[in-house]
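As structure tokens, here come the structures.
Common to both upcoming complexes is subunit A, partnered first by subunit B, then by subunit C.
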Partner chain A sequence: MPKALPPLALLLALLPALFSLAQPQAKYRAYVSNEYGASITVIDVATDQVIGTIQVAGRPGEVRPRGMAVSPDGRTVYVALSDFQPRLETPDDKIVAIDVASNKVVAEYRIGTNPERVAVSPDGGQLWASNENAAKGTGFDLKTKQVLGSFPTGVEPEGVAVSPDGRFVYVTGETSHTVTVIDAKGLKLVKHFLVGNRPRHVVFSPDSSRAYVSAEIGGTVSVVDTKTHQVVQTVALGLDSRLVELALSPDGKRLFAAGGGTSTIYVIDTATNKLIKTVKERMGRRPWGVTVSPDGKKIYTADGLSDSVTVIDAASLSVVKKVAAGRGPHSVVIGVVQ
Partner chain B sequence: MKEPRLTRRQVLALGGGLLAAQALGQGQPPKLIRIGVVVPTRTGSLEQPVSSSAHAIGGEIARMGAVMAGEEVGENAELLGTRVKVLLASAPSPEAAARAAQRLVATEGVFALVGGIGPGQAEAIAKVAQERRVLFFNIGNASDALRRACNRLTFHVEASAAMYLDALADWFVRANFRRWFLVHTRDAGGQALLARARKALEVRHWGANVAGTAAVAAGQPDFSKELEAIGRARADVVVLLLGGEDQMTFLGQYETSGLRAQVTGFPDPLTQTRDYFYALLRVAPRSAAGYRPLLWEPTLDNYGARELNARFQQRWGQPMDSPGWAAYQSVKMLYESAFFARSLEAGRLVPYLERPQTVFDVHKGIGVSFRPWDHQLRQPFYLVKIKAEPNPGFELSKRVGLASLVGEAPAIVKPGTDPVERLDQLGDGPRDFNCRFGGR
Partner chain C sequence: MRPLALLALLLAPAYAAGPLLVERAEPLRFALASEQVGLHLAALALEPAGELAEAAELEHWPLFAGSLERRDAGLYRRLEQALRRAGQWARQRDAARLRASLGANLVLLEQARQALIPRELRADAAFQAALLAQLVEAAAEGYEEAAEGEEGAYRLGWGALQRARVLWGRLEPSLRGREATPRVAQGLEALAALLPSPAPPARFRDPEDAERASLDVAFALEAAVRTPLLPRELPPLVALVRRQTEQACQAARSGPGRLALEHAAAARFYYRAHLADPLGALEPALGDRLGALLQDSLPAAIRAGGTARVGAACEQTLGALEAAGGVLR
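Showing the complex of A and B:
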């Protein structure tokens, strides 16, 4: 029987999640992947001004940056790159690492074919990618630069996340309506379980007890008990919502769901799993990406059809600004300049 | 206490995608799901076909879609402990289709049949399905009469003629083609298409009118009289309510007639293929160029369509034309129905399919469901423009490039409106049907 963790050890294990990226003196930068521009737009979170564009490939329309993840210290942004020929494995299929301080691409990693999204383990040592056309989830050790393992998922995997306690990787399968659970330490397949119709994205609560999975066609968010890996509740947001990315507030109390079909951000209270607000006014068109600033004050969306980023004030839940991005914003994350 | 009744809108708002909660009743999903597919296919080799009809072109692509679905859906099913097997039968005629369907049910134990490409095949398979109490998914017959037959076990993935004609009217009227000339066959099917096309213009889309009509025989070799009539009518658009081979014969003669009105054709599994576009452009490089509605488009980029199209092209070296998509999605929907209804029995599957909350993802970006009044899959269409190309190439990329996507009907993104009502803008509504299905 596994030994229960004492409270101090538990606290230490959760330290990275508890502290998250919120640092009083830090400067935050939002990174927006522009799927059709082969670029990353960089926004200063203090002023919400664009401060740069990083061209991750010289061939817009041929190479597509999509999902992104940030290292636990906030200093590195990882971007999943692939080309528009999903069935061919090419040199463009890779994860690139951007140094937040310099806004330079500092490393590239090959983590299977056609990576659509990427996640980082809480210790910063592993990357996990969803390999869309290989129907795999692949782990990669950043120290040894070796692939840790490749695991079968449903056809067209997309969302990928590592639990903050580092135990599990969840990968969503769009056509199988499943989540695949991988033991991140034992590197073993745990199980597959059903969620909503066409699951696109997954996030874990800061304490790792819950996972939330969006379903684009179902218009639902599945709430998952991570002890049993079972759906315990389903939040229905309507067939038309066409949900893609999810983001939690740093305290885990609010879940923000990007509704691409209705150009709406749905705000869910995670204590009750009830919809408490929809943000529609002045939203950009087809928000797919959504993230929350580490201090919890602002929400950013990547708006694919209006080539913009919408900035929402987290207190009033109203749009305060729209920022021009590149072509076809897909995702948005926030890095930290120490 | 009486349970409150939910409106359809409320049911949908609660989420058509509550897959984990979709299971009807208790029990485990079937361990083995066997699906039969009956379509006309080529026999012999591509270079030396032993038997091949025009319908076999669509049938062959449908076969590819069904095989690929069997592989992919099978992969997904195995994650959850279920196996899927697709069993194929080639049938060049309705009689052969009926025999094949009987055999697949009786000796192979399929719980559902997919087919209906080629004249009379859907009716023949539907009859077998009714007798043997198995489901039938029609992927090739648009006839409104077939839908009015009210066969409880038949579901239509192929769009109805009414839906296609409304999509055509929606597109051409908005594009300012206001004077239509309709060419139809004299038989009952042609008369029905003519009547429904008139309805599309005169009842549902005010502002356009019928400039003239011409009744022809199926297989008619000479259209010179009809061409004269079209010239006199000063039509903006000529709509060919004809089969694929007759459309091609007509266009070959129209090409040299000096007439300049746009020509479009009624879509069937054959005329929705890039192979057909290629053949049309060889016959009529100028007048074949124009707009056509499709059930599925091989260049569609959104909603996972890029990946689906790419997988199909890599698997078969062929574009995923509409029949391939219809067969693929039929297998996928049948698997999901059996899995979530926890049954292979038609008695349990039909109510499951008729429920408004049973929603499928068919790579069109919106959840789709079967209309309760006629078992028709409600779904959007794609409008493509065939490019004027005097020397079309046959290699895969060139064939795919023979047409480009120009629109979607109805538009699936319209925040603030009911998605099901949006899809139901096309085709006939519940008042046009007398079927007594459980979902009504």
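Showing the complex of A and C:
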């Protein structure tokens, strides 16, 4: 007969289970920016049901929410808003902060004219915006609420990302085919370098050693060594692949590239930098945005032409659901309710 | 299909050739520039504006005038006179005369295309697709510039779209059944929704919608004709600008002439379209210098004539281009 556990050992054995009962489970929510609806659709990631819509501007079609970013703790979603008066800085050019717990806009920050996309530093203290028509990348200190600096980029900057080690900001330049490197700590311009034709988006690997840059006309993903800021490999996905946003799995092993014009998600193995799968069947139309849930189990795409979000199972790499969103989904990110 | 031909087709990788905008740069330039002159004349007939006439005369006409003078001097003279008269009427805001002359001028432009571009190339689906892609880009640019407040830009954009639709009507039957063909029509429809009539809308929509639609059309055309149309690499474009500069210099050695100016204008046109942005970002001082050499120094030297001045301008421009080639690798 097995010996009974002493009371203390039993308590220790049960502690993890008791702890998980005591701690509320984190809930994930997907936030989808609807470019033409001036709204954000909120989706419960557990059920993939829409649980709310947040109107972020009063003039749909004129004021556009586009790029988004999430604070490191997942509790705040930042949305880049702009009108299409590119040569003027108007009150509609701003970054709004949405509190994930309440789904309310809780703050607004002015970070230069025409911000198209936004990124957050890993400590959550800085925001970086790509100012499309000003050809600038602008940093903003969330504590002091002051602009840290505005740096010249390539022409029509769009993609912006901060490396997970917090050292560098990369900004893509659409018509100059460049990436601009900004020293996020020293607040100075480091260099510009060439990537594929019409770069749209950039992401860093979790260890900050690599960056991946999509090129819409080039049909490529440039793999960049972040020590030298040089392209070390180019992954060609076809001239008609129309790449826009990129997303990495949490472990950094898979890169998902949204093929906007071809309604396809390209899946790349980052160990070999080879295409391992294209997800096309049952995809929504024109997936511009793509993100991966923090547990790595699901991929979400923002489908601009079908006003939907496509949910892809990360294990089988097949579409499992489509969720109706607002008008013109542009980007999708995932926030956390603790 | 014969077995060998079938085998060759199977073995040929998709989009095997280089981009048509580089490989057929000269005839495409003739086609696009002559279309642009026609679009400006049509826009003038709708509403006379001196700056539109100037753009036609100074920006687009020089891109094919020298070659036309060589191939058909009589047609060249008729077209030059027609443009000069249109310019005068535009400055006098004489819409009636501009409208009355439009049909005849468009015929002259069509004759110019026939003189400049070989018949088989004009009939080639990929060539037509490349021209169509450029017209659609011009339509999107017209919309974007109009949304930013530039007068006359909307009418040019609208006109470019109408021409693109006419060309698509001719090209589409030969591409029926190909997967990408409906995407061309969808992109044109999206542009037509933005540019529905010759009169500008009361409120513009996001100009990026026009840019997206024009790119949709270009990508779909590439897939439909199975030929790369858009340039994706910078070195061939540097080589193209260099070639045009060398031809300008070579032509200028035999004295000031329209052909030398045409090649100089072509070098400037390709530089602005493809290289100015990346070079400006990577090496701003070199970009400014090369831009000024192509815009001012080289054409001024060609106009002034004189071996020494032309030689110096050529040497500086080609030197700057070599440096640019080193940056844009």
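Here, the second predicted complex is superposed on the first by the 314 of 338 C-alpha atoms of A that agree within 3 Å, B and C clash if a C-alpha of one lies under 4 Å from a C-alpha of the other, contacts with A are read in each partner's own complex, and residues count from 1 in each chain.
Quick note on the criterion: contacts are C-beta pairs under 8 Å (C-beta built on N, C-alpha and C of every residue); 3 or more make two chains touch, one makes a residue touch a chain.
Note that the coordinates shown come from a computational prediction; the quantities given were computed from them, not determined experimentally.
Taken together through their common subunit A, the two structures put subunit B and subunit C in a clash.
Look at A:Gln146: by the touch rule set out above, it reaches neither subunit B nor subunit C. When the two structures are aligned on the shared chain, A:Ser263 is found in touch with subunit B, with no touch to subunit C. Of the two partner chains placed by superposition, subunit B and subunit C are both touched by A:Gly173. In the superposed model, A:Asp240 lies in contact with both subunit B and subunit C. Once the two complexes are overlaid on the shared chain, A:Arg64 sits against subunit C while remaining clear of subunit B.
Touched residues of subunit A, counted separately for subunit B and subunit C, are more numerous for B. Using the contact criterion defined above for the overlaid structures, shared-chain residue A:Ser318 touches neither subunit B nor subunit C, since it reaches no partner. Judged by the touch definition given at the top, the superposed model places A:Thr272 against neither subunit B nor subunit C. Of the two partner chains placed by the overlay, neither subunit B nor subunit C lies in contact with A:Thr90. Applying the stated contact rule after C-alpha superposition, one finds that A:Val155 touches each of subunit B and subunit C. Between subunit B and subunit C, the overlap after aligning on chain A sits in one stretch of 207-215, 225-233 or 333-341, namely 333-341. Common to the subunit B and subunit C interfaces on subunit A are residues 84, 86-87, 153-155, 173, 175-178, 180, 192-194, 196-197, 216-219, 238-240, 242, 261. Of all the residues in subunit A, the ones that touch subunit C in their complex are 35, 61, 64, 84, 86-87, 153-155, 173, 175-178, 180, 192-194, 196-197, 216-219, 238-240, 242, 261.
Considering their complex, residues 14-15, 147-148, 180, 204-208, 215-216, 219, 222-223, 228, 230-234, 277-278, 280-282, 328-329 of subunit C touch subunit A. In the complex of the two chains, the subunit B residues touching subunit A come out as 12-21, 72, 75-76, 79-80, 304, 306-307, 310-311, 313-314, 332, 359-361, 365-367, 412-413, 415-416, 418-420.
If you check the complex, the residues on subunit A that touch subunit B are 84-87, 132-133, 135, 152-156, 173-178, 180, 192-198, 215-220, 222, 231, 234, 236-240, 242, 261-264, 280, 286.
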